[in-house]
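Note that the chains are named A, B, C and D in the order they appear, and that numbering of residues resets to 1 at the start of each chain.
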Amino acid sequence: MNETPTMRLHGPLFATSAMRGVFCDRAQLQAMLDVEAALARAGARAGVIPAAAAAAIESKCSAPVYDVDSIAAEAASAGNLAIPLVKALTAQVAAADEAAARFVHWGATSQDVIDTGLVLQLRAALDLLDADAERLADSLAALADAHRATAMAGRTWMQQALPVTLGLKAAGWLDSLTRDRTRLRCLRKNLLVLQLGGATGTLAAFEGRGLSMAGELARDLGLALSDLPWHAQRDRLAECATTLGLLVGSLGKIARDLSLLSQTEIGEMNEPAEPGRGGSSTMPQKRNPVACAVALAAAIRVPPLVATMLAAMVQEQERGLGGWHAEWETLPQILLLTSGSLSQLSHALASPEVHLETIARNLGATRGLNLAGTVAAALTALFGRKAAHQIVAEACRKALDEERPLRDVLAGLPELRGHITSSELDAFFEPARHLGEANALIDRALASHREASIDSSLPNEARDER
Amino acid sequence: MNETPTMRLHGPLFATSAMRGVFCDRAQLQAMLDVEAALARAGARAGVIPAAAAAAIESKCSAPVYDVDSIAAEAASAGNLAIPLVKALTAQVAAADEAAARFVHWGATSQDVIDTGLVLQLRAALDLLDADAERLADSLAALADAHRATAMAGRTWMQQALPVTLGLKAAGWLDSLTRDRTRLRCLRKNLLVLQLGGATGTLAAFEGRGLSMAGELARDLGLALSDLPWHAQRDRLAECATTLGLLVGSLGKIARDLSLLSQTEIGEMNEPAEPGRGGSSTMPQKRNPVACAVALAAAIRVPPLVATMLAAMVQEQERGLGGWHAEWETLPQILLLTSGSLSQLSHALASPEVHLETIARNLGATRGLNLAGTVAAALTALFGRKAAHQIVAEACRKALDEERPLRDVLAGLPELRGHITSSELDAFFEPARHLGEANALIDRALASHREASIDSSLPNEARDER
Amino acid sequence: MNETPTMRLHGPLFATSAMRGVFCDRAQLQAMLDVEAALARAGARAGVIPAAAAAAIESKCSAPVYDVDSIAAEAASAGNLAIPLVKALTAQVAAADEAAARFVHWGATSQDVIDTGLVLQLRAALDLLDADAERLADSLAALADAHRATAMAGRTWMQQALPVTLGLKAAGWLDSLTRDRTRLRCLRKNLLVLQLGGATGTLAAFEGRGLSMAGELARDLGLALSDLPWHAQRDRLAECATTLGLLVGSLGKIARDLSLLSQTEIGEMNEPAEPGRGGSSTMPQKRNPVACAVALAAAIRVPPLVATMLAAMVQEQERGLGGWHAEWETLPQILLLTSGSLSQLSHALASPEVHLETIARNLGATRGLNLAGTVAAALTALFGRKAAHQIVAEACRKALDEERPLRDVLAGLPELRGHITSSELDAFFEPARHLGEANALIDRALASHREASIDSSLPNEARDER
Amino acid sequence: MNETPTMRLHGPLFATSAMRGVFCDRAQLQAMLDVEAALARAGARAGVIPAAAAAAIESKCSAPVYDVDSIAAEAASAGNLAIPLVKALTAQVAAADEAAARFVHWGATSQDVIDTGLVLQLRAALDLLDADAERLADSLAALADAHRATAMAGRTWMQQALPVTLGLKAAGWLDSLTRDRTRLRCLRKNLLVLQLGGATGTLAAFEGRGLSMAGELARDLGLALSDLPWHAQRDRLAECATTLGLLVGSLGKIARDLSLLSQTEIGEMNEPAEPGRGGSSTMPQKRNPVACAVALAAAIRVPPLVATMLAAMVQEQERGLGGWHAEWETLPQILLLTSGSLSQLSHALASPEVHLETIARNLGATRGLNLAGTVAAALTALFGRKAAHQIVAEACRKALDEERPLRDVLAGLPELRGHITSSELDAFFEPARHLGEANALIDRALASHREASIDSSLPNEARDER
């Protein structure tokens, strides 16, 4: 029996069901069979094979007809999946129509079918990702808009700094996601292309009808034509990997932020509570941030997988040895992990818990020290940079030592007397006065989001026109 | 003394002199000082600081004024380069104009200056890469065009297969490089943007004039504006890494092919001979493929560095801890390695040695076995797939065993008598008749190349219009 | 239905059946259940839970009792596999013995069970690798011994250089494999240890009997005790990854060499011919080096996966978020890929085709230029380094241009007349006279191999004594 | 001028001065010259070259004699550093003693000198790391011992869980560092070996005296002998990388923990305060955790560099193309980054700020919810697992909603009345009673630490005896 390494047990945690459907064994066989069927149809239209043969072949291009495990076992000897699949398909066709059997796979090489089948799977996968990305983007946009006025502690180097708003933070998350959505859209142009070249990429087997065959086949499958076969030019697939790598990185950043905000001692945001979700076997009240775990795990795992796809680009001559094989499981894994990260965060951020009181409390936790930089800047106008920074630094130390508000320490400084009034001091320590252009920046992120969403609602062709 | 880890000794091998100039210590300081100067000018124009102060600051923004080693030493404590540089700049300005000193770095945070400085370096670096890439592309285009008729052994899985032409091989190299050039051009839009946000990205220190400051500064530096500050959204820099990773992969593939063709026993192409180049200390006549070594080394080193940039995207909250630091040496290394790979191959392929006789000899080395697939396909029409493959496989074994041409073995087969004439057999074994659409495919690659080159000859703005 | 991403289709190519058995879904559940059963037994022995409860629990610790897909589905919510498995186990026990149910998983945390279960799988996996590695090592040793006198072209930078022997080449392959076998043996000490700590690693739930529980459990499972629980100290697992990374690298080097030697134009060695193996769909006579493809693919894929395991070591506090999750599929994949590479090469090198005539022919292909370095060294004694090198370099050029043997060119040089006799010249060009210490070096490699094999034939405990 | 890419500016932050000294350009040249000098001495002793020549050569083996930039420039053509260095050395020797010049580099190949020089540098580097690692280990041991009784919040998945002690946390850090120290010690055996093989690893140029030459040279340099030359077997260097990768991972985990504990809102530990350290340009009071930043950056950067070293192992035949080159800058970078991470943390943890009050306050922050698991376990004995968990979960929800201590909520539950006394309840919520075996575990970590330190205080030979 062909046992399946751990992917099944961990699958549902790390990838959506739909994405697993796109990359499951059966779907891969079906994608390859779809190519064989289309190849036969195109061959008939191009006058390369008889129309009757095409129909006979097409009728056997259905994955359930074939046994995954025996195809897999033969592939282990043959070196790739197309060889045993074509053999099995030929046998099936021959059983029904002996004459048609010889036209199976006509003119193509194994890699033509495997690569084009993969492209079909990738197209379905990108559609899924687009939809999930839009959902997450919409949630982030809503969060950004809703929390324009929610002042919260800014944090740099994991230390509190000047205040921001939750809206601005969400806008930052959104804006990189918007760029990722645009990248995903651009990727399609290079990626969703036919592979057809025959043994060494010359289309020689079509005896002069190679270009028309390629045209017919591309049209049939709804794929674009490439300048050349790309058997050993793997930048298209590697670009798919790098584009997803960027997306997974953007998502990892969101997850890191969210997990930091969810810490027991900070408690500003949480993933939504749901029965059975994030449970701990020993601590009944504890809620583990499962979506963050998945997105952070993806952000650890995907970059090295992207490196694999880049390293695998060094493929020998007309068709390479080892590099091609290195892609086979790697690229699907990237897609799966991306889908898991994206959908988990999409779910978590559709209705996150936001603890406004805690946010406000944390913002005051340093008793005004987080605003020391602002005060120093203001005093610079009066005392020069160096002196101002010294005054404030000294006051900060005092405030820390005595556990008093920085405002009160400053109020007591003889150096400031006559220079700053009490209400000016109060104003310094009003977070809402130190939010700068947060609102305008949120507007910009929302505008870009809207534009990306309009784009993505257009059919692919219309988008390419824009 | 501040010793410099090995980069200096190996520098010239792995990167061009011009690229090393862009990323040398002094150039980095100058880029940061260029930002400080522009910040002062923009501040003056936006009414944020006095014009006189701006002039005083600008006059000190020259790298040779500062000591690399003491800046470096202080940065080791401070945690980044901007802190000691701003301190030193302030001291310089104060010495000349006490009043101006307090306006140094006004409203900005360390990362604003470091990131924007980096963007200025990256712009210069991309210009260098564009030029080298165009040079290599032109050489490959010339090679593709010149060798349309040079039939050579195709090789798949490192075994001889159906013939190709050297022109087609070069067209394959060219076509992925063309895509890389387009990617480099697209990258600019996301990458060449201003970083200005102040401590936590709100532009709060500009007290309402943040957006106009950012606008003035971007205009001054010739950079685009981003929607938001991107202190902790690092997809722009990571995309620079991934784009170069794709280019380095394409180049690595060329180098692998070239190094395989250069093997003593194959000898179809060589890097150009030059005195002192590729010498061996013990074998005076031996010529080592240095350009290939550099490009292959880059293809090994860059993918993991790309992974570093992707992994580093997970940066905490408003400004991260560790992730940002991980970028500092990594991205310049990617640029340097890319430049080395690109320029070495550009040099090697400007005037490669092409050994036409050896190419022809190798093409015949299998005594026709490389064309067995074609024969099998032809016989399929007569005997069906299975029988045809069996006939040819048997003939191949015989030809191998007896060291005879496959043609002659086939000529002697009783099964074929009456089915195939002697001149038909000859035609089967004429490589030039099995080159399929090689010529048309070369045409396509050349057309894409020309279009990319027209694009790259336009000023950046005009290109964006296209 | 829980579709399984592509692992099943590609599984047989990239991993042995036995190794897939170790890491299949069912085996993972069984390993965790083995830990639960042992935990119950140890709890009974340590007086922590009633003996009757232990028996009741043990009776339900059989994987076929549980449904992989529903465990997987719940794990996607819970965040790990142990939570639903413990829940299901508890329900099974409760159905049979209500009182016993509460003692299921007593005192342990999810990670205790998952990690210890993994260690049990890793132990089985290492046993498999040890056996395959010994098999390959024996084949390489035989090859090294058998081909002590098989002079063959040495190749540096992919250019022919001074001769070596096939035996020496095999000894080089063997020697690094021997070091890898020793590393695998050393790894066991750190790796095969119990994980038991409870929620935060204090063993608090055992109320004073934690150490004796750990001792009992370790003894039961045949594992060593660690100083501390290692929930967030993942160096043991990462070391497993790095050790295998080194092995896969050594194997990749063998595969690269073998694939280069198998090129059509070189043809010195081939993977053994077998029906259906390495077949090409279009070229019936072509034999693709499938074992090399697998081993090279592993050498591309495993290093980034090792990086994942190293990057994942940064786990937060008592138990981390994301880093732990990143390990789950990564480490099994490394084991699987290692097994595939090792067993494929083990198979290919058990009976490789060695083409002695071709080896001899290639050795003479440069007409003596490969020995130019030796000649230059010899002449140095007569003419000094510089002059000697010039003489030889000049002669090499002449030999190349005129396609004559270097020996003959040298014989005609007036400078050498009187210095070197004709028979001395002949001796210079006798490859067998330039093999240096090849034989003695082979002896050393064989001696290390024998020692490693004696070591590995001892039971683990005895080995540790050595 | 040969500009130096950014390594100089960032050098002091990411690596110690001593380590930069080991890997600076001059030190690399000196290491190679040390090998040339030793080669000459060994050649004289083995009777391969005249003693006078050896002395003449030795007298010129001093790095300051040579110009870094011109060696570097020539290396860019030649393909490696040894070629121009040997040329320059030969010229220097020739100028003083014409006859001696021809014996420079006698019998060696470039890679012999480069590799053995690198091994000498690595030996010095490992000595530095050993010392820093011992220092850090001693600090962690002191911390573990001093804080046996410092109960602090345990945290899993970044959520508070059962209490631990600071001592136990430090013991966990220490224990993995102890394993890393042992790994570093073991590494020496494989790593610190001579490289000497001549052009293709046969030692042919020594004409029968190769083995004695190698013996003499190894003795002179204090290196061990390998079975075979390892020009294309790079597991030794890759193992150096993987061993350091594990160390950097262990350090990254410490840094992640420390940075989390240092967050403004948690504030349990801080890096020591020092003038100028971790300063922020805009926030005078803010102290950035610079050591954590460096160690986390290393933990991001080193794993991919380790992958590079593993990927580079696939080197062709007798000496490889590209793989060898990929090592040159990569391995030194790993050493440098490791030293930076280790020394920064060693410094920070020599005298960390520990805020006992805050630790205690945070431990109580959940009002007992962190102990819910313990309570649930206790109640399980009374009510069974399911009911107990339900009771506690319900009480937790109530405690959260009403912001009351869990203890008080439980005290009011009718279900518990009669089952649990008030003082039993108090005991449940006494953190010190839930620390399990923390003390004994600390003892174990300290014992392993002491043993490792005794080991490391022995001379290397004596250690190997142990």
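Going forward, a contact is a pair of C-beta atoms (placed from the backbone, for glycine too) under 8 Å apart; a residue touches a chain by one contact, two chains touch by 3 or more.
What you see is a predicted model, and the numbers here were worked out from it, not measured in a lab.
A.B. asks: Starting from the defined contact criterion, work out which chains touch chain A and chain B both, please.
C.D. replies: Output, common partners of chain A and chain B: C, D.
A.B. asks: Going by the touch criterion at the top, tell me which pair is linked by more C-beta contacts: A-D or B-D.
C.D. replies: When B-D is set beside A-D, the one with more contacts is B-D.
A.B. asks: So how far apart, in whole Å, are chain B and chain D when each is placed at the average of its C-alpha atoms?
C.D. replies: Once rounded, the distance between the two centres reads 32 Å.
A.B. asks: What are the residue numbers in chain A that touch two or more other chains?
C.D. replies: 79, 155-158, 161-162, 198-199, 205, 255, 259-260, 278, 280, 282-283, 288-289, 293, 296, 299-300, 303-304, 307-308, 311, 321, 373, 377
A.B. asks: Could you pull out which chain A residues touch chain B in their complex?
C.D. replies: Per the stated touch rule, the residues are 79, 90, 98, 101-102, 104, 107, 154-158, 161-164, 168-169, 171-172, 175-176, 179-180, 183, 186, 190, 198-206, 210-211, 226-236, 238-239, 242-243, 245-246, 248-250, 252-253, 255-257, 260, 296, 299-300, 302-304, 306-308, 310-311, 313-321, 373-374, 377, 380-381, 384-385, 388, 434-438, 440-441, 444-445, 447-448.
A.B. asks: Looking at the complex, which residues from chain D come into contact with chain A?
C.D. replies: 153, 155-162, 259-260, 262-266, 278, 280, 282-289, 293, 303-304, 307, 311, 362, 365-366, 369-370, 372-373, 376-377, 389-390, 392-393, 396-397, 400
A.B. asks: Report the residues of chain C in contact with chain A in the complex, numbered from low to high.
C.D. replies: Touching chain A: residues 2-15, 17, 20-21, 23-29, 68-69, 71-79, 81-83, 86, 105, 109-110, 198-199, 205, 255, 259, 274, 276-283, 288-290, 292-297, 299-301, 304-305, 307-308, 311-312, 321-323, 325-326, 328-330, 332-333, 336 of chain C.
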